[in-house]
Amino acid sequence: MDWLRWIIFVVIILAFALSFVMAFILLERRIVGKFQLRPGPNRVGPMGMLQPVADAVKILLKEDITPAKGDRWVHRLAPIVAFAPALLVFAVVPFQGKGPGLGFSLDQPAALADLNVGVLYIVAVSSISVIGMIMAGWASNNKYSLLGAMRAIAQMVSYEVPLVLSIVGIVIASGSLSLNSIVEAQSIPFILLQPLGFLIYFLGATAEINRAPFDLLEAESEIVASYHTEYSGMRFAMFFLGEYAYALGVSAIVSVLFLGGYKFPFGLLPQSFIWFLAKIFLVFFLMLWVRSTLPRVRIDQMMAFAWKFLLPLSLVNLLLVAAEGVSTIGFGWAAVGINVILAIAFVVIWANRFYRVKGVTVG
Amino acid sequence: MGLAISFWLLAAAAVGSALAVVLLRNVFRAALLLISCFFAIAGLFVTLGADFLAMVQVLVYVGAIAVLLLLAIMLTREAATGSPFSRWRIGGAIASVALLAAMIAVFRATPWKVADQSVVLKPTTAELGARLLTPESGFVLPFEIASVLLLAAVLGAIVLVKEK
Amino acid sequence: MALRTEPIVVNMGPQHPATHGVFRMRVTLDGEVITDLEPVMGYLHRGVEKLAEARTYTQFIPLTDRMDYLSSMSNNLAYVLAVEKLAGVEAPPRAQYLRVIMAEMMRISNHLMAVGTFLDDMGAFHTPLLYMFREREKLLDLFEMVCGQRLTYNYMRIGGLSHDIPPEFLPALKKFVRDMPGFVDEYDQLIRENEIVLARTRGVGVLPRALAINASASGPVLRGSGVKWDLRKTDPYLVYDKLEFDVPTGAVGDIYDRYRVRIEEMRQSVRILEQAIERLPPGEVRSDVPHLVHPPRGEVYGHIEAPKGELGFYLVSDTGIAPYRCHIRPPSLINLTALRDMVLGMKIADAIITLGSIDIVLGEVDR
């Protein structure tokens, strides 16, 4: 009954993604509010819980405008192309593994499709979204949109490289491209085993989904709303929801690749999808923290950061992991010690080497 | 049965979008259809059991090549009004029909080996990796030569764009 | 290999999130690099100078509030000082000290807003701005105590103030003065060594010393370029010559220096407030000046060091009840003229934060 299973999983994933996206929107506004010494939205429903619903209703009632001199069909298609990959990512994410878990036990991993090329699938699918942005930027016939789309391309193409290289380290350590096997391989969470890889992946992914401090695409103080400047109504909402869906996707992938997915750390408690969801929120909180703390970098600084900082570090990380794999050290606790120390050393040395402007005091 | 249907649908989509790529005047839309053509080909790979190839098709062709193509088009003037080379269209048509004829001829002349229906499709990734990187298979040297070639290309690109 | 390229002209504004109001920059871009910039002003022109001719001297005070609406008290002060100079009256000592207190409170409030929105332009997503709003809110409460208003105060009068401060004002101000240095340290600690802030602001939007003087820039923009020029020191008015404070200056004249100058000025303003509270004399807050002032025939230029720079009022009297001619020298406008020289060859993102670092209010630029 594969078909039945697929249909059930499609429904589950849709419900999961959409409800989590709503929750993320509310959480972001509430938590960032706390960071900024204000309550955040708290009027609609208990603790403002219905705020996303109110927003959705409002935005659905807005007129859907297409620029007169824009490319009408491309303009209409763009939000869909930008939004769809965000959902596609969840097709390979395992929610719970095979065997006994907390409360119930499964006879196969709880994922829509446990592809044996899962990691490649994720990288491939997430590279599609940029096409949606380009389409929007070009079809809007607006200079801000065009500038935004160009920034999108530069950013995506650059950050893909360190991102993929940091995943390769994971693949070496787990010996598989399947996300479920990667989770199973994490008796020690890979964040401890490859802290450098985690750092690179997290930064690269933050840049890929255009969150602060790499949110140059949405630099509203520079290029207004970038590629979705000319969008309104539901089509704007699709871009907006898409951003959060990507944040959700990245949180889920980071949880799977580095935090041990549905496993409780060190197997102290039985596996469950609850741990997975908790880790998703944890990673998302980390993103919020970064966003409400740091200002935005400039475009050339961002490119330099990708090529001159992250890329060398990711190569070093790859070399390190590969060396440990072929040597007698292996991927045990000894490697954790070595890697944590080396990661700190590399980051500190390379950060000092890379960019350091001294502040001069005024007096 | 399902595989056969999706194969033919994807094949039709690939041919259709490929035709649209050459026939459309709007270069940007043509590029978008090229992307859909790439996707259809990736789908074909999936139906043929080449999972790794399908993913790499999307990753390399859609994620990198098509994106750079779109960037180049966006920087071009009058991308919406058409390609300036349309006066060569008759020559181009003749050349491509000749190429198609040659390909069909070769295709028909080749004795294709049809696999046994009972063959179980296995993941190809590990196998590909082993073939490329183990000394027994004999592909290590070509693989390394390709890497050196890529490195040279990267360096060449840097030298070309570097400001004096 | 010469490729034929074409610059893009982008109209930033008049409706743009980063122009702090209705201001337009016609930016010519080569990729992301600015090759030309032309500021287009006047969208908020209300003819304030002409309106002055149709109002009595006192009636014009509320209109000055609406020029630089982030430092209304300073506008009030500059205007009434000019009129007092024209009419030859002087405010009583208590009013003079209270005016200093108001002006310095206004300076802190303005600099909080300036630094906050500048970091906002840098993409800090409102967090610093809202931190600074916390303190600005306390200042606005204090202003509300004094005159019942939070934005447009209309508190100064020719020959003094409209009324004395309420009894609860001084304790509240003392508490603020006690707490404020800690808060300034907090902001500074969060921002001064931030790697991204440094990378974005050091050596960006540089206004060289000579150019700053030639453009007749003033305020933090001028001092950031290393010129020690502060009207409170060089041409003291009110009781500033009796108060102790330093004039912070920058070294390079980049955005970072302007930011640092503002932070230091907040500290100095707190110092001034401390001394002014201590020495505040009792007595009248308004000398005996009639509602309809008839200044003698003549002309006068009165200027003060407003938070944004030199704010000057040039008034001509024909002995009537209204000025014959009024001209205003708004600091934002003059500082803004140096924008093009600061951003040529920079990236578009630099232009935005450079504009933010000048600290303009369009109500004042266009008047």
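Read from first to last, the chains carry the letters A, B and C; within each, the first residue is number 1.
By definition in this document, a contact is a pair of C-beta atoms (placed from the backbone, for glycine too) under 8 Å apart; a residue touches a chain by one contact, two chains touch by 3 or more.
Quick caveat, the model's predicted, so the values are computed rather than measured.
For chain B, the chain whose average C-alpha position is most distant is C.
Centrality by Cα centroid goes to chain A.
If you average the CA atoms of chain A and of chain B, the two centres end up 28 Å from each other. As a whole-number value, the distance joining the C-alpha centres of chain B and chain C reads 61 Å. If you average the CA atoms of chain A and of chain C, the two centres end up 43 Å from each other.
Multi-chain contact residues, meaning those touching two or more other chains, occur in chain A at positions 146.
Interface of chain A with chain B (complex): residues 71, 73-74, 115-117, 120-121, 123-125, 127-128, 130-131, 134-135, 137-138, 146, 149-150, 153, 156-157, 160, 177.
Interface residues of chain B facing chain A in the complex, by the touch rule stated above, are 26, 28-29, 32, 35, 51-52, 55-56, 58-59, 62-64, 66-68, 70-71, 74-75, 80, 123, 125.
Those residues of chain A whose C-beta lies close enough to touch chain C in the complex are 32, 35-38, 143-144, 146-147, 212-213, 215-216, 219-224, 291-301, 355-363.
Listed in rising order, the residues of chain C touching chain A in the complex are 8, 10, 16-18, 29, 32, 119-127, 130-131, 134, 192-200, 202-203, 224, 246, 248-252, 256-257, 260-261, 263-264, 347-350, 352, 356.
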